[in-house]
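What follows is a set of structures for review.
Each of the next two complexes has chain A plus one other chain: chain B in the first, chain C in the second.
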Partner chain A sequence: MSAGVIAKTVRGFTGALAQTLVAESSAHEHGLLQGLDPRVKLVGMLGLVVAAALSRKLVVMAALFGLGLVLAVASRLSLWSLAKRVWLVAFGFTFMIAAPALFLTPGEAVYRLPVGSLAITAQGMRSALVLVARVETAVTLSTLLVLTTPWMHLLKALRTLMVPVEVIILLAMTHRYVVLLTETANAMFESRRSRMVGRLNGHEQRRLMVNTGGVLLSKTLEMGNQVFLAMQARGFRGEVRLLTDFRMRGWDYVAICGFAAAATAAVVAGR
Partner chain B sequence: MPEGKWSEVGLQPEALEFEAAGVRYEYERVAALQGLSLEVRAGERIALLGANGSGKSTLLRLMDGLHFACAGTLRFRGAALTEAAMEDDEFALGFRRRVGMVFQNPDIQLFNPTVFDEVAFGPLQLGWPREEILERVHGTLEWIGAEHLKDRAPYRLSGGEKKRVALASVIVLDPDVLLLDEPTASLDPRSQSQVIELLESWNDGQKTVITATHQLEILGEISGRAIVLEQGAVVADATPAEVLANAELLESANLIHSHRHLHGGVPHKHPSPYLRHEHHKH
Partner chain C sequence: MYAASAPCWWAALRRTRRKLFGKTLPLLSLFAAFSFVTMMFNLPLPGGTTGHAVGVGIAAIVLGPWASLLAVSLALAIQALFFGDGGITTLGANCFNMAIAGSFAAWGIYRLASLGAAADSRRRVVAAALAGYGAINVSALLAAIEFGIQPMLFHDAAGSPLYAPYPLRIAIPAMMAGHLTIAGAAEAVMSAGLFSYLRRNEPALVGIASVPLARQTTRNLWGALAVVLLLTPLGILASGAAWGEWAPKDFADAATRAQITAASGSVAAPAAAPSGLARLANVWTAPMPSYAPHFVKSAGFGYLLSAMFGVGLILAVTWVARRVAQDSGKRVEP
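Our next item is the complex of A and B:
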């Protein structure tokens, strides 16, 4: 991969991250999930994620994934964008973990590799598929929650569920500096490019990567500290405060019942 | 004065706001401040001068109750600024209401999704009523000329706009003491003068303003008293005019430097252009 492609990818990633996490553009759309009380969304999505994690049947996971798709469309989220930013990435990571199960799970061989004695078994395929489906479903539902809820509302909803202040501070700070951090990584990468002449061999590239990672880690710690000080300086004590108070309406009660019914049905059917 | 309580006499003209006595602060065993003593009175406009690493930013952070002295004492209106005191919610929120700080890097300070949220963040933390917050935020945005930016993401603003929003996010609290860390650093001339004009217009100059800077050209505009720091200690405390007239002091504090250049092929040396009464003939 050329340096230009990497730089473009890093820039694209930074822009997308900034737009998604900081501008919260999709959280302010007038869609189904955006209209719900954040506490209802949090509890409801958490219930569906737990149901997906407990389920052993592909058809149940497919149904939960389908529900996620319906909710995404009703919330005016782009499926293409979800596919690019969420499903593809989740699939890549999960497949790397699931791939060994294709060969290591004992069972009936469905395909034998031309080299060596390794074979993909039917049971292995099913195990890998279940893992991938479970992760894709859980990630999709969690992403829907994050994309349709302003971050501070989400933190306040977590606080109402008795999540400790320390965890809230950690989440708040992470959100604050994630864009700064990616911008720093971008700047470091470009600065490195501007001073590089010729090509580095594999060993030199690895060394450079490790060094860059180390510097970035130090900057992360420093930046985290700075952001926290800036928040403290304006009175932040860990409690999330908003201009609007959460208020349950009729539609929220219907939604929480719907989430509860879907999660319960998935747990029962998925056993 | 009981621990964790302060006096409200700071609101009276020339009452003591900050009192530092033998303050020492270390970053990983390296002293950033050592034996620093000074007094700040209500209504003073002070410039903290010093080269990079002289301890200006560290002193501001101690004054804002973000770091705490390793030795010596720093008091605000008679109450010691200690870690234990700042852990008390009532003390901390009362202190934050009275003392505000604008950080050098606005990117660190601007962390909300929109400019409006950014300016509303402080009042929300202090638990102000909703209507008052809305009124103050709109008023402050209008004051900095950024009402049209209220729905924009702060990270998308220009350098000057970021600085003004950072200033607004603190001024909205109407603190009695404003701490500014390099408020005009790395700004273009227009943005620089906008920020200075805002500071001058804020409450008609009646509040206490402490500005850390190494920009001598803005000294006269932002301060009536200049404190020069060198290696974490006060080396001069005088009027801006007196400090600017003292070339030896400014050179030893690394705030100016003599430089050589050529005139008609002749090597030639003269001091900084910031020095007053400097008549230099070519």
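Our next item is the complex of A and C:
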């Protein structure tokens, strides 16, 4: 148990770093979505996500999910890794929330549990299914956007949604330092683990975690000062310029029309 | 929920914009990154379970509510946008509950609970813990209410809920059970621990100019000093003169010379006191020779009195030196 908490935390860090690397490499593949203008992808995918959220019909959600699958294959994304990383996680989390609805929603009983008086109702099944389907579809579509667009391009594209430039700078810097601080925290825990013999009790484990957090916070603040000095040294005077060099090509216009048509059809059919 | 969050983000940006292109820009980003990383810490809790903290408690205490709501929103946005945890459609609600309401709740609770507390007071640590605990539970309650009112607002013709399927009477207890225990405890532990750490190492960040030595520690020191003072008469239990602390008259006394010889590896002591020692012996006459003023007859009481006098003298010199240092420090400051 003593090494368990550290090991679990380190596994979390490694997972997050691996995810960053996968996103970076898949964004540079030569696939359908990777070739599109990031602004088109952002607006198009958001339109589809909103359509999935507004939809009241399972068939429409299934169709949007199917569209997501086709786009994933056309963008050379591994369906297996999508299943592991996205579908399974989203299913586990959503099902946990949705499962009690199977029994709690009043309606016609379709299956009565052998023990107790609980019964799964048809309305409950529909409620749970709609919830799971909506989350799976929305998460698949938004993950496609992230996996096929380099992070900096995605941030630049956010400008088209009128997101203030300060927010974009903050997001860009935060993302950069998330990776750096994750690596730092990982190294701190790994080094502690390599020096540790024996077991720590609960109190000692808490102390270890909180103290590591404290040291990480000190490092964070020190780094904040250094980053500010580095920005000043490079002539940062409070003005932000984004090098937006996106150019719409013929294929992008086709794609935005396709996204618009699919989203509109889904909204109309899903009512 | 985006509509509810947007005005708060706008107000926070307006409030911090003036400072945003100074040190605040990297500080906010780095704090957001720190908050994201601490969300991955597995915090062992009493009872054998583990929990994760959001970091909203310490962010609100260090950055204030406006900057904190931006930092935590950024962390949640990175989590949703980049890592796909939480989802884009629920980002508005997550930010409203955790970043916005959480930051204000944490800040308010901390300010209220630490009102009038001394910089080194334990109450401030408790206030930080309460801030984290309260913030996470306010967030959870808001989320539960948002879940709970959805079946009333969004349902199909047959009355089946379209989004969250639970009414308030189920959503609130279900959501609060986990937060009042595990998630709340994780946030409380992290907030209190990080607050203590910052108070020790970066006091200015938690609004404390300088932390004097904790009262508890000084009290212990005074206690130890009193014990040592009371034990000073133990010195008279030792027989003979301490090696190397001889007086000129010791060399004239045969018994003392024998002791010196025995204590010096059988090297015989000189017959007369060394001339240098004899010459310098009278340069300074101690006000309390042999650890007792002339008028005190009891050796034990004499030892005690000398010790008290010595300690008092040291304290007086230290106090004067500190006053002088403080005065000169004031003059240097503009």
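Methods note: the second predicted complex is superposed on the first by the 174 of 271 C-alpha atoms of A that agree within 3 Å, B and C clash if a C-alpha of one lies under 4 Å from a C-alpha of the other, contacts with A are read in each partner's own complex, and residues count from 1 in each chain.
Here is the rule we go by: a residue touches a chain if its C-beta (ideal position, glycine included) is under 8 Å from a C-beta of that chain, and two chains touch if they have at least 3 such contacts.
The model shown is predicted, which means the values in this text are computed figures rather than measured ones.
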>> Between chain B and chain C, whom does A:171 touch in the aligned arrangement: first, second, both, or neither?
In response: second
>> Going by the contact rule set out at the top, does A:209 touch chain B (first), chain C (second), both, or neither?
In response: second
> So, A:269: does it touch chain B (first), chain C (second), both, or neither?
Replying inline: neither
> Of chain B and chain C, which one touches more of chain A's residues?
Replying inline: C
>> Going by the contact rule set out at the top, does A:62 touch chain B (first), chain C (second), both, or neither?
In response: neither
> So, A:150: does it touch chain B (first), chain C (second), both, or neither?
Replying inline: first
>> Taking the superposition on A as described, I'd like to know which of chain B and chain C A:231 touches: first, second, both or neither.
In response: both
> Taking the contacts chain A makes with chain B in one complex and with chain C in the other, which residues are shared?
Replying inline: 23, 151, 176-177, 180, 223, 227, 231, 236-237
> Any idea which chain A residues touch chain B in the complex?
Replying inline: 18, 22-24, 150-152, 176-177, 179-180, 223, 226-227, 229-237, 241-243
>> Help me check something: in the complex, which residues belonging to chain C touch chain A?
In response: 9, 13, 17, 20-23, 25-34, 36-38, 40-46, 48, 50, 58, 70, 74-75, 77-78, 81-84, 87-89, 156, 158, 160-166, 170, 174, 189-190, 193-194, 197-198, 201-202, 205
>> Under the definition above, what is the set of chain B residues touching chain A in their complex?
In response: 61, 64, 66, 89, 92-93, 96-97, 100-101, 103, 105, 107-109, 111-113, 117, 120-122, 124-127, 130, 133-134, 153, 155, 169-170, 173
> How about chain A: which of its residues touch chain C in the complex?
Replying inline: 5, 8-9, 12-13, 16, 19-20, 23, 46, 49-50, 53, 56, 85-86, 97-98, 100-101, 104-105, 107, 123-124, 126-128, 130-131, 134-135, 138-139, 142-143, 146, 151, 154, 164, 166-167, 169-171, 173-178, 180-182, 185, 202, 205-207, 209-218, 220-221, 223-225, 227-228, 231, 236-238
